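Pasting the structures in now, so scroll down.
What follows is chain A paired twice: with chain B in the first complex and chain C in the second.
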Partner chain A sequence: MIRKHNFKEIGGSVILYPNNYINDIEGEKLEEMCEAFLKKGVKKIVIDFSSTDLINSIGISILIGIIEKVKERKGAILFSGLKKVNHDIFNIVGLTRHIPVYKTEEEAVSDLKWEDHAAV
Partner chain B sequence: MKDRLLFNICPEGEFFGRLSEINYIIERAKEPAHPSRTLLLGRRWTGKTEILRRAHRELFWGQGSVVPVYYQFRGYGGISAAEDFLKEFIKQYLAFRKRDPEAIRQELPLERLEKLLMDSDSFGLSEIISIHNEAKRGGDTSAALKNAYGAPSLIEARSGVPVYLLLDDIDKASVADDGAPALIDALAGALNASTSFIASSSSKGIAEAGLFSHLEVIELKGLGDDVSVAMMAELCRKYGVESESEVLSYAAGRLEHNPMHIKSLIWAASRAGVSLKDLKNLIGVYANELFDGNIGCLLRSYIKVKTLNGLRVLNYIARSGSASEEELIEKFKCGKEELKKLLDEFSAAGIVEEGLGSIRWAGGRAAREYISYVFETRVKGRSPDEVKSSLVRDSLKEGFSLKGAKVQPRFKEDVSRLLRSFNGQKVLKVLLRNPVFAARFKNGAYRAVESRKEEDEVLLPQVIGCFDSLRWERNETGPAVIIAQGFQNNRYDSGNEVVWITGVKEALSPINLGDAESFIRRSLILKENFRGLRIARWMVGGEGFTAEAQKRLEAEGVYSTDSAQMRILKESLEDKGAAERLKSSPRIVPNKEFEVVIPSSTKAELVAAKAVEEIGTEMGFDENSIAQIKAALVESCINAFEHSKIKSGKVFLKFIAGEDRLTIHVQNSGAELDAPAGQGAAPLDSLPKKRGWGFELMKGLMDEVRLERVHNGAKIVLVKYLMRKGDRDDKEA
Partner chain C sequence: MLEVDLSLERLLFNLNTLAELGEEITSPKDFTRVVKSSLYMVMGSFAASKGAIFQYDSEDQRFNAIAAKGLSDIKGAGFKLSKEAVKEIVKFNKPIDLKGDPAHAALLGPAKAELEKASARVLAFLVVKDELLGVISINEKFSGQDYTVYDFQLLSVMAQHISFSLHSHTLLTKLMHKYTENKGLYENLRRIYYDTIHAFAAAIDAKDAYTKGHSHRVSAYCTVVAREMGWSPDEIEGIRISGLLHDIGKIAVDKSIINKASPLTSNECRELNSHPVIGYEILSKIKFPWKGIPMMTRNHHEKVDGTGYPDRLKKAEIPLGARIMALVDAFDAMTTDRPYRPRLSFKEAMDEVRENFGKQFDPEVVQPFISVIRKEVLGEVENPSIVPLLQEHLDSVTVNRLLEGFPGIS
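== the complex of A and B ==
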């Protein structure tokens, strides 16, 4: 089920806003939302982490799962609004090599070329 | 599903701790190239049988290179002992070859086993049975024992597969029927050849007899405070007993962390429908258990006193802690032979230990109170209710005073641990002179004098052992005294032998003049036990010293240390770098320690994260460093939750805020933590692996990450160095 206030649809893309702590429970909620949008045919997803202070390793594994699903559907995914510590975490795991990261959601959305280099 | 039960063990939910011991046995068993002989020494009902049976189960199902054979000595003698061992050995050998647990659980006669050996193409082994039958017909016990105990090495030689014996209650093999050869001699003769084994015993006699060469002794203590309390909390939850952690902590100590006694107490509370939320209930349940319940029954099963004089002797040893042979002979008017017989029986039961003419009580507190009960009722003629009532009264008083000073046992242990870490280091003398330290300790920091000289330092001894003074001070009150023995100047001769007599005040009040006088008097008496050795005297008070006490101790040349000095001393002993820094630093700030305990439940790690945020901010970490510490701490907590064996277990966190670093210890309730798995390099174009990032994240976010082995498990240690605003940016640039 898609929850209100946790996402914003813009044209054929969607911006998701996870909570301040991404653990197993929050990660699964995010995964459900992504699946729901992918089923609806939305193939461009931005996850904006500006409200997220902490992401744990279980959250990371769920994010990797989400990226895999988007990849299977030939979609594209972008991250934005990462706090420095979360950027460090994505660096350690190696996600920043695969996913473009933008400072703000506006930058991610307005980047006209994002579809080309964000396709995973 | 195939039934994998081999020997009875307690349900998984009721078994706690002891993983390191089990794993150690398994590792030793798997080293057939080096025959190992291990003795697991522990009091009755401390879990030795459970450990051996669980290790056997792991070896039975988890590997194929060593044949595990578990045997419990039952007190049989002569030919019956040989036949029992032989039957069990052959049965288990065949069961292991077929991985068939059913065979282990069946009672099979020797004839049937012989046929099974033939059926399984083990013809060469059936001669063991033939030899046994021949010895039995001729009544040759020695030949039968030699044949039975030699069977493992024969099978090793014939099959090429090593055997690992797990011998439970081996002390029962040393008690011979009158006239029959003691089993232990035949066993030692056979096993010293090549067979690896672990044996459990409640008495030290086996180790002291020197029958087995290269025998390694593992002493099994109680479960440890944290594991015992977690175990009690879990059992209370399971059996619907309401409890309060402080009461459980006192009960765990009172029961000396004995797992069987702990279980019995909780079962009794559950049966009686009594909560363990206050001392009165706890002591009431304990007294009933000790006299009429399961604990009493367990104690009666091995404490056998046949005569009233025997009871008098045992009660005297139990009450006084130790006694000499002459003292007992004189006091109880018994002959040397009679006393020897009594002591042999008590020693075989593991309740007394003998050595150099001195007899020491080794049975623990519950056994001592049980003996006292039997003595008071049978010898003095008091009624059971009267004895029970006085036990409850004394216990309540003791428990009440313990509750009033929660830090008691920990502080004494801390001092003892600190003494053990003395290893010839040089430390600032001011850390051992409270008046000087206190005069310059303001606003949480010590301001050093400008010019420091070599004589401002004290050379600590290399401490080789610590023990308390109870043996010499039976009726003394006042601060606890720890005796630490060691050497100095790296010379191990009489001239450099040194003894530190250390008084520790554990109560929540400063050391006053009365405490100081008491310690000085007692230390002068204790000194007599160490004539000719160098003596140092030291008083440690968690709450500091009164001015009169400081003055008195200083005049007597007694070192004095409060908790702030102790924290600095501890830091300088643990870290060479810190010790050097302290020597030249104009300002010394003692480490601050914070402890937080969180339950293993969803989002509890955020409580730890919040705590570290406050501590980190107070220390001066920048925002990003705090975020990194929080993320790493969350990972370590999740790791601890995942690997806790106890559903309602707790995770214990200790934050040590030093001048230049924050150190965090994360430990769970007695289970192993995940070792760092290491992430193999994934191809650049493929996505990272999904799982196993916890340790990688900790290592990437912290400056140091260590996994340290501790009693009953492991703990994660995280360290972050403090770089004030700008330092870290410079470093990163």
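== the complex of A and C ==
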């Protein structure tokens, strides 16, 4: 089954909306999308999880893959819209220690803009 | 290594991963994908950013990379180990911490430097029946936190799961997939599940200073009663697992409440009594190869007269397994020391059972329970499970006298 992840580009940044599950190898599509955006020169990526119900250990390893790729290119990555169950998992594996998490996509975006200016 | 933080959320996350891993490796998906998924599950569990699985080729004693994540080109990557090192590693059969365990890390010889080049921090060797099949390597945690004792245990269990997968794949490629072989492997998988659950049961019991081994005893008692009642081997295995996990919900209950010597306040009581429902919620999310485990857990504090909790079910509404568990759970609680009282003697405990016969306890369960104890005391059972765990000696004369006139017992 092919599931497409949605996205929205705003200036030099992109907001990604993953599917409701990031729980198998198919989740790598998300990583590929990020890679493509990074190659295009996008420096800031917001991943909004508000319609994501389940992230399992495979999902975590894919997200870490994304974070590493963003870091390699000295970009910024932010998360938003995490449901409690997913936030708990991010806490357990220590992701929340390093990645800023916002309640809403808007909050993440506005912070992103700030970083944009700072980067100039 | 750090102290273990065994929060309910972590336990749930890890149990789910183990269940998914079990499902993945027995699925008919192609081998490459299974190996890749398995690697991702391991890496995700510890938030490692770099990892690889190597398959061992015993002919040229070389480990060849078959899956990797976070590492650039791994095609043709691999390393060699001496025969002696392989022997030692199989004997040790635990994950090797390249940083924290220099003695075992030294076994790797020149391969150690190569692995460290690939950022390896921990190696989990894949061994089935003393045969080395491969190794998983993962790097430091992304979070910067160190690996804990619990992490090493979990990694070891995951490695066993994956070994099983590699093993069956090797067997398949050798065209040895006879039905019996596969059946044996399936049994092996169940064994792995069982070992994992044992480890978690020990974690539950560890929370409660007074009930050391309670889960294991309840499991053992349930098993013999179910067997006496003529349950099938599969059903028996199910209740055995259930017995180990029946108090898993206590993980969410404050330790001070569990170990409190004075009477509980109504709030504390409510918190303690929530453990069957919490247990049910945890276990109903896991796909077990046996039926009924979540419900047996939920209803192990019901009473046949409908005054138990959480659902106030009456006799036939309570799953039979939960009725068995209710009896042996209470029996074990009575015959072991508690924070608020010393243990009762066997006679005193059986008096209690008699007192509550048909009220708290189901006569249909009490009867086989008594008959098993009697058989064990008379030496009619090969491997007695209840009597040796009691902290007193029982002889046949005393037991017969004690059980005499028990309602419904001839």
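Keep in mind that, in the parts below, the second predicted complex is superposed on the first by the 105 of 120 C-alpha atoms of A that agree within 3 Å, B and C clash if a C-alpha of one lies under 4 Å from a C-alpha of the other, contacts with A are read in each partner's own complex, and residues count from 1 in each chain.
Criterion: a residue touches a chain if its C-beta (ideal position, glycine included) is under 8 Å from a C-beta of that chain, and two chains touch if they have at least 3 such contacts.
Model, not experiment: these values are computed from the prediction.
Visitor: In the superposed model built on chain A, check whether chain B and chain C fit or clash.
Guide: In the arrangement built by aligning on chain A, the partners chain C and chain B clash.
Visitor: Let me test your reading of the model: by the given contact rule, A:21 touches which partner, first (chain B), second (chain C), both or neither?
Guide: A:21: touches chain B, not chain C.
Visitor: Identify the partner contact of A:65: answer first if only chain B is touched, second if only chain C is, both if each is, neither if none is.
Guide: After superposition on chain A, A:65 lies in contact with both partners, chain B and chain C.
Visitor: With the two structures laid over each other on chain A, which partner does A:94 touch: chain B (first), chain C (second), both, or neither?
Guide: The answer is both, since A:94 touches chain B and chain C.
Visitor: With the two complexes superposed on chain A, say which partner A:83 touches: chain B (first), chain C (second), both, or neither.
Guide: first
Visitor: Chain A residues touched by both chain B and chain C?
Guide: Shared contact residues on chain A: 23, 25, 56-58, 60-61, 64-65, 67-68, 88-89, 91-95, 97-98.
Visitor: Going by the contact rule at the top, pick out the chain B residues touching chain A in the complex.
Guide: Checking each residue of chain B against chain A gives 602-603, 605-606, 609, 624, 627-628, 630-631, 634-635, 638, 682, 684, 687-694, 696-697, 700-701.
Visitor: Across the complex, what residues on chain A touch chain C?
Guide: Spelled out, the residues of chain A in touch with chain C are 23-25, 56-62, 64-65, 67-68, 88-89, 91-95, 97-98.
Visitor: Please name which positions on chain A make contact with chain B in the complex.
Guide: Chain A reaches chain B through residues 21, 23, 25, 53-58, 60-61, 64-65, 67-68, 71, 83-85, 88-89, 91-95, 97-98.
Visitor: Which stretch or stretches of chain C touch chain A in the complex?
Guide: 7, 9-10, 13, 16-17, 20, 33, 36-37, 40-49, 69-70, 141-145
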